[in-house]
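All chains are identified by letter, namely A, B, C and D, in their written order; residue positions are counted from 1 within each chain.
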Amino acid sequence: MIKITEKAIDVQKVIETASNLGAGAVNAFIGTVRNKAKDKNVVWLEYEAYEAMAVGEIRKIIDEAAHKWDLMGWAVSHRIGTLKPGEVAVVVAVSTAHRKASFEACQYIIDNVKAKTPIWKKEVFDDGEEWVDARPVANANN
Amino acid sequence: MIKITEKAIDVQKVIETASNLGAGAVNAFIGTVRNKAKDKNVVWLEYEAYEAMAVGEIRKIIDEAAHKWDLMGWAVSHRIGTLKPGEVAVVVAVSTAHRKASFEACQYIIDNVKAKTPIWKKEVFDDGEEWVDARPVANANN
Amino acid sequence: MAMRYTLKTFGITRDILGGKEVAFEMEGVKVSELKSELMLRFPEMKTLNSLFIAVNNTYAEDDLVISESDEIALIPPVSGG
Amino acid sequence: MAMRYTLKTFGITRDILGGKEVAFEMEGVKVSELKSELMLRFPEMKTLNSLFIAVNNTYAEDDLVISESDEIALIPPVSGG
């Protein structure tokens, strides 16, 4: 399951989707909205995705991971829209026969989802807003 | 939260207990009962714990992890009693500011819980039963 | 002959170009030419950490030839998760 | 003088000793002596991958001196998770 959604993510459901009777290990990564960024208070975040492409890019990453490790189940869900601190932005869950592979595969997937998937977030502070990582830090507040 | 329980583990609740508003990352490991072991069908598992000591040993492991990484939240729940394939035997969840530490800390905790905590499991097959890892493999079926 | 492309914008590129889908006319037919022309007309694009072009939902190489009917998207630095 | 210890058993050691809490008399007063005596009286204990003794909820070193009022537990190879 690959899902880009405006609705709150049901973490339990993502984990269940990734589970498998033959698997002994499930690893889940849950990315949540922090209440601080660059020492400023985060009021909310805005996420947007190029949805058609994002799903395809995540599928490529999953295929790579399934090739490197013996994935018995997997699920990725990414939220878009307006998110408040504490809310869940992304969940990646994988199941494997043994635990080491579950950690490695899950980390591979979230690292690549963050690096390659066309999804963007804007941090909205008390005193301004900023597209994350768009510009070098020195120009970030221009 | 450290819990040794005969009741089904509420995975979502363990994850929520480990979450923290200042954290951007939660990693959760879920150990489930496989339907196969040593190429035989697992009918059920029996888990038992030396409870008073197990809680203390897990606490030491958490303290070590909190010292190595900056844990913002954590929770460990281990099931005991009779478990069927597919059921959740253990959940470890930690939250940290950034994702790399969440993977490392969670893996450290589950690796050590498995190696050091006085909890035992017996695999019950169609044709016999066996305390896991109790004896060298060559003697396992004596 | 000038070509008329339709550009989908995301993140900071939407703020810079001022629209979700922007008509863009230019003589060039390659991804590299599109990038140069964007930097020329919108100098703020040069301040970004990176800019990729996706054509029909796939990251495109610089020498890919684009046509008016392609789905062309501007991909500024991603920051999901 | 023989001491009378109470041993808590877990996992396979319960099957071998045949009880959850087993009275165990011996002359020795050290963890190492308890281990040797167990191997002697229950030779099957020698087939285990490992055997630790916990005294008052903590893994005990071989030279620790035990007393009749201690909570003494046999810890065969653990297999949680």
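Simple rule for what comes next: contacts are C-beta pairs under 8 Å (C-beta built on N, C-alpha and C of every residue); 3 or more make two chains touch, one makes a residue touch a chain.
Bear in mind that the values here come from a model prediction, so they are computed numbers and not experimental data.
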- Task: Trace the shortest sequence of touching chains from chain B to chain D and report its length in steps.
- Result: 1
- Query: Looking at CA centres, what chain is most distant from chain B?
  - Reply: C
- Taking each chain's centre as the mean position of its Cα atoms, how many Å separate chain A from chain C? 25
- Query: Using CA atom averages as chain centres, what separation in Å is found between chain B and chain C?
  - Reply: 49
- Item | Junction residues of chain A, two or more chains touched | 31, 99, 110
- Message: Multi-chain contacts only, two chains or more: what residues does chain C have there?
- Response: 81
- Those chain pairs that satisfy the touch definition: A-B, A-C, B-D
- Counting only contacts in the complex, chain A reaches chain B at residues 11-12, 15, 19, 21-36, 85-86, 95, 97, 99-100, 102-103, 106-107, 110
- Could you pull out which chain C residues touch chain A in their complex? 8, 10-12, 15, 47-49, 54, 57-58, 73, 75-81
- chain A residues touching chain C - in the complex, by the definition given at the top: 31, 47-50, 52-54, 56, 78, 89-90, 110, 113-122, 131-136, 139, 142
